[in-house]
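One chain, chain A, links the two complexes that follow: it is found with chain B in the first and with chain C in the second.
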Partner chain A sequence: MTTPTQSPDHDIHHARLDDVQGIEPSPVRPTSSRAQWLAGVGAIVLFAVLWQVLDLHLALAVSISYLLFLAAVYLVYRSAGGRRVGLDIIVRWLVYGAFTLAILPLISLLWTVISEGLPVAFSPSFWTEDMTGITGLDDQAYMEGTASLAGGAGHAIVGTLMITGAATLISVPIGMFTAIYLVEYGRNNRLSRGIRFMVDVMTGIPSIVAGLFAFALFVQILGPRDAKMGVAGAIALSVLMIPTVVRNSEEMLRIVPNELREASLALGVPKWRTIAKVVLPTAASGLASGITLAIARVIGETAPLLVAVGFARNWNLDMMTGPMNSLAVYTYDIFTKPLNPAIIDPSRERAWAAALLLVLIVVGLNLLARLIAKLFAPKSR
Partner chain B sequence: MSKRIDVKNLDIFYGDFQAVKDVSMVIEPKSVTAFIGPSGCGKSTFIRTLNRMHEVIPGARVEGEVLIDGQNLYGRGVDPVDVRRQVGMVFQRPNPFPTMSIRDNVLAGVKLNSKRMSGKAADELAERALRGANLWNEVKDRLDKPGSGLSGGQQQRLCIARAIAVQPEVILMDEPCSALDPISTLAIEDLINELKSDYTVVIVTHNMQQAARVSDRTGFFNLEATGQPGQLVEFDDTQKIFNNPSQKATEDYISGRFG
Partner chain C sequence: MTAPPDEPRGDHDPTATSGSVATRPPDSPGTTRPKARATRRPGDVVFSGLSLASGLIILLILVLVAVFLIQQGWPAFTADSEEISGGEGFFGYIWPLVAGTVVASIIAMVVATPIAVGIALFVSHYAPRRIGVVIGFVVDLLAAVPSVVFGMWGLQTFAPQFVPLFGWLEDTLSFLPFFEDGSATGRTLMTASLVLAVMILPIITSVSREVFLQTPRLHEEAALALGATKWEMIRTAVIPFGTPGVIGGVMLGLGRALGETMAVTLILSPGAFTWNIIGSGNNTIPAEIALNFPEASGLRLAELIAAGLVLFVITLIVNLFARWIVAKRSEFSGAN
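After this line comes the complex of A and B, so read on.
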């Protein structure tokens, strides 16, 4: 211990902070939290007046009353509790505002998709039928009430699952092994820096380019007539997926503590086995959720599939021959080209239903990711 | 099962930085050897070269020889994996595998080395290792619970059990008690005393009483100056080091008159 330096007038180590000249600690005064709720009620009343009585635009009324609310709350709390308390309250309400702003579009989107898509999405025929031979006349009959909605998206559901599944089968091994190389073997050598750079570049590739790449590749091999097939779509999607998988996995492997690797190596376990039996299981939950999120990212891709797989109205379970359909492409097609240009409502219903299914699959994947993360997470009790 | 370790003119590097210079010593089988010395003098660095864990760090390398029963660890064609099976290690911070149960943690070294093992043999081995680490009575009812749910001292003894389950010839311990309370520390010191009848034990410690209590021979490492490599200043019987050291630096260090 060093002896404290003595100041001429008094020993600084024994003085209270507010006794020291030139330092004025901000006071801590109790404040009530009721004022902000009063201000909140005031803001709502103000909003109602602005909107209904003064007939301002909704967004304008909201903004004005929100800003006035912030100002009022800040002034009240500042005078009661000082600058720190005032800033605290204003930042808190700014954060709440930002959160609301961010969540509103999401809720609105979910609400629209669900309310528009729900009636059709859960009728069994929508899951089991394809669109072969369905014409505008069927839609006319449906509108007149003489028939139920004809056709379905069964072929698109299966197509989405098959193409995305194949893309996952391609990307996960490649991506995981790349990540393992980067973290466990490459360290920071030139090759791994190069790979990391390429992966970054690949992350930014527009999806349509990936589709064109896959299409061009298959045209080279099979000629333009036979090039469109499910596998081409899977390859296009894996071009988009691999960089995400590499990045996610790399991060997850990096946070596995080095001590565990050393513990295993010190037991005389070879390096590859240490990776397989210690590092990967420890990172398993993160890896699994990273992969699931990567799948969720590509499952809604439209453009690359349109280019590489084309579009089919009928069932096609053979990924090696001919176009297939997928939910995103189905939605796009039926929305832009209704079966009956004069009666577009039935086609719109189909489009919303397919969109809803897509959203449900993505939500399901996210839930699955959480479940997997929970199942694999290292337990401590 | 225990072996004699002969270190000859060992220089240890991290990239271009030389961390330890010219160490030579003989570690006798079935004895406890302690290393003491100020922080940063290269004790951990040195002990990690005895089972080739040093080279796990990127850029780290070694010059010189470490002979175990006459065989050079750093000789051509020697597989570090093989070395580590003979020379086990316990780290400063307990590091049980978080994904494994207590039982699997103990058996990790054996299981991961892919030997086939019957359930009965595994149970016996786990019990023997846990008894050897004085942990059996505390965990025998919760062998299937995760190892990370144990207290710090229990975790450290679990790590010792894990190290002795693979039946090495030598056990290295780098400050095994530095994160533990006095009672767990005593438990581990007792354990070290028992281990010595079967294994060659090497321990790094900052606790001088601990070195005096558990070890037969003690090595004192020191730095000439910051930035200089660490050196082995004195290596002798523990009694001699603590009662009648031959070097001035050793005497200053153990009597607390240091830097």
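After this line comes the complex of A and C, so read on.
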């Protein structure tokens, strides 16, 4: 069976380490872990010199010091402990480096959003006013200090809540009942495998395609002029939300112990009451947390709402007629099309404030989901 | 007292739940022989009907997505080629967008994959368990940030940082077609791709982390017992076990990058397709739709919807391929 060209995972079942492709055992000598920390201190000093004294770009200084650090550590450990130890240590620091590299954008992003958004995000007028009648002149007055920042995102906040709320109302029943079908009724028959496959496919639908679908649907019903409305946005978001709800709920229903179902059925309780009174309450915390995560996933979506709902500057509480606004679209709109093309700062402030609110909502929902899962977990175990 | 005939107790498929004793699933009507006490209560009928209907709605939605996109986009396929934007027919219109989308996504994938695998290894095999959980949460946070915020950050904070690098690339590597006129604003396909890379990191990381954590403990301990260093253990036990899963995760990330809209829309200053990735130019399908949709009408609308259809098909293929790879993994993972 085994040929030399086969992948190593077939070899490891019966191989000695020196049979494994690419590994040549060589002596390994004990090494101290102190050298790498010394090298680390050296790298930090080097970085400080490169950055402050030689005035290199921050990223360049970091890269140079990191690479030199890797080289130094490798050489030291190679000479002290052998080639394999050198390789081991370099991979360790590459892994640490990858982690740091991924954290940096997150920190930079959060810092930008908070520092740019904080001044405006919590002023009451930003929460209560809309953008009706606000022009570049108001922004000019604001920059000259003769007026406060005009307008706000009240209509967008309400729009986001309404559209996402409607999407939740559509998605949760469909998603939950589908999960119930998959777990309680379908039992891996052909239809349930088909549904599971389709849910997978649905997970991969790009958000803008979901928006185009909702728009096309309403064009079909109402014609292109009246197609943009809040309900269309809710349907677009549902397309994105349903698969998340199904998968999260399915997972949660699956881990409900079978003994509970069997005990209930053995007492003569009908199956539907068993599901409604035994299975669902047991899984309740997980289901709630999954739904919260699904809401968090769609509440920041811009593209589908941009396509299916459009922009509005004024309050529109009627989901059945005309464009509405939402925080994400508001952010995009005001960021890319400042009210006053010559004075973009006030518009940027509004955009970052709305972005900060969005991030807070999403992070808050994520934390809430964890909290729900933790606080209301079944107390049986 | 007869035992229920075909309800094997202990040995049925563990993924299938509760062998129901009192009622039978609605999809297997007892045509063969009448079974004892299989009363069907109205509540059961309603409940199972609702469940089945919801499942069918999902199938219906997916069909409708395809049907409506085809229907509304159809004029773009049949119109005269002069009437389509660019005047070279729908194919002439769509290929630069497809190329831009694919190039951006592939750069994002190539950049994100090693970093994501590194983080996944960090969480699964290097960090202490407690810290690993925290990091998992932080990476999930990265996934939760709305894409429009990524776009704004990419445009305002991230892109300007690249201007010196682009200048340097232009000076030193201009013999390559990818590095010609360096952009002075940083609003290039390269920047957009790097932001996409940040955005798809979480999905690749979480899939990789899951499969790495599933590596059979015995394989790992066997490698260590044979005298392997940690890296050799990872290389001989963890990576071979996890590779198919990682590939699946990478393909899922690619699918997400292909469909990602707002970040590219905001960062890129769009133009015709060019191999020069550090200058302005290029565009992706989702960005093209988002930029032009609000003002579009008539045939232009049909064009954009047809572009959306093309995007749908591309992501569908990539995702199906990803699922296929992930599903294949369970066949030869052997250990558990």
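In this text, the second predicted complex is superposed on the first by the 272 of 381 C-alpha atoms of A that agree within 3 Å, B and C clash if a C-alpha of one lies under 4 Å from a C-alpha of the other, contacts with A are read in each partner's own complex, and residues count from 1 in each chain.
Assume a contact is a pair of C-beta atoms (placed from the backbone, for glycine too) under 8 Å apart; a residue touches a chain by one contact, two chains touch by 3 or more.
Note that this is a predicted model, so its numbers are computed, not measured.
Applying the document's definition of touch, where does A:V278 land relative to chain B and chain C: first, second, both, or neither?
A:V278: touches chain B, not chain C.
Who does A:R92 touch here: chain B (first), chain C (second), both, or neither?
The second partner, chain C, only.
Please determine whether it is chain B or chain C that touches the greater number of chain A residues.
Partner with more touched residues of chain A: C.
Quick check on the superposed pair: does A:M202 touch chain B, chain C, both, or neither? Answer first, second, both or neither.
second
Check the residue A:G268 against both partner chains and state whether it touches chain B (first), chain C (second), both, or neither.
both
Touching A:R187, do we find chain B (first), chain C (second), both, or neither?
Both partners, chain B and chain C.
Looking at the overlay, does A:G223 come into contact with chain B only (first), chain C only (second), both, or neither?
Touch status of A:G223: no partner.
Looking at the overlay, what does A:G145 touch: chain B (first), chain C (second), both, or neither?
Neither partner.
Under the contact rule defined above, give the chain A residues that sit at the interface with chain B and also at the interface with chain C.
Residues 187-188, 261-262, 265-266, 268-270, 273 of chain A touch both chain B and chain C.
Which residues of chain B touch chain A in the complex?
Where chain B meets chain A, its residues are 51, 53, 56, 58, 81-86, 88-89, 91, 93, 95-99, 108-109, 112-114, 145-146, 148-149, 159, 162-163, 166.
Any idea which chain A residues touch chain C in the complex?
7-9, 12-13, 16-17, 20, 22-23, 25, 28, 57, 59, 84-85, 87-88, 91-92, 94-99, 101-103, 105-106, 108-109, 112-113, 116, 173-178, 180-189, 191-192, 194-195, 197-210, 212-213, 215-217, 219-220, 224, 239, 242, 246, 253-254, 258, 261-262, 265-266, 268-273, 275-276, 296-297, 299-303, 306-307, 310-311, 328, 331-332, 335-336, 348, 351-352, 355, 358-359, 362-363, 366, 370
Name, in rising order, each residue of chain C that touches chain A in their complex.
For chain C paired with chain A, touching residues are 13, 15-23, 25-28, 41, 43-44, 46-48, 50-55, 57-59, 61-62, 64-65, 68-69, 71-72, 114-119, 121-122, 126, 135, 137-142, 144-153, 156-158, 161, 164-165, 198, 201, 205, 219, 222-223, 226-232, 234-237, 240-241, 243, 252, 255-256, 258-262, 265-266, 286, 289-290, 293-294, 297, 301, 304-305, 308, 311-312, 315-316, 318-320, 322-323, 334.
Can you name the residues of chain A that touch chain B in the complex?
187-188, 257, 259-270, 273-274, 277-278, 281-282, 284, 378-381
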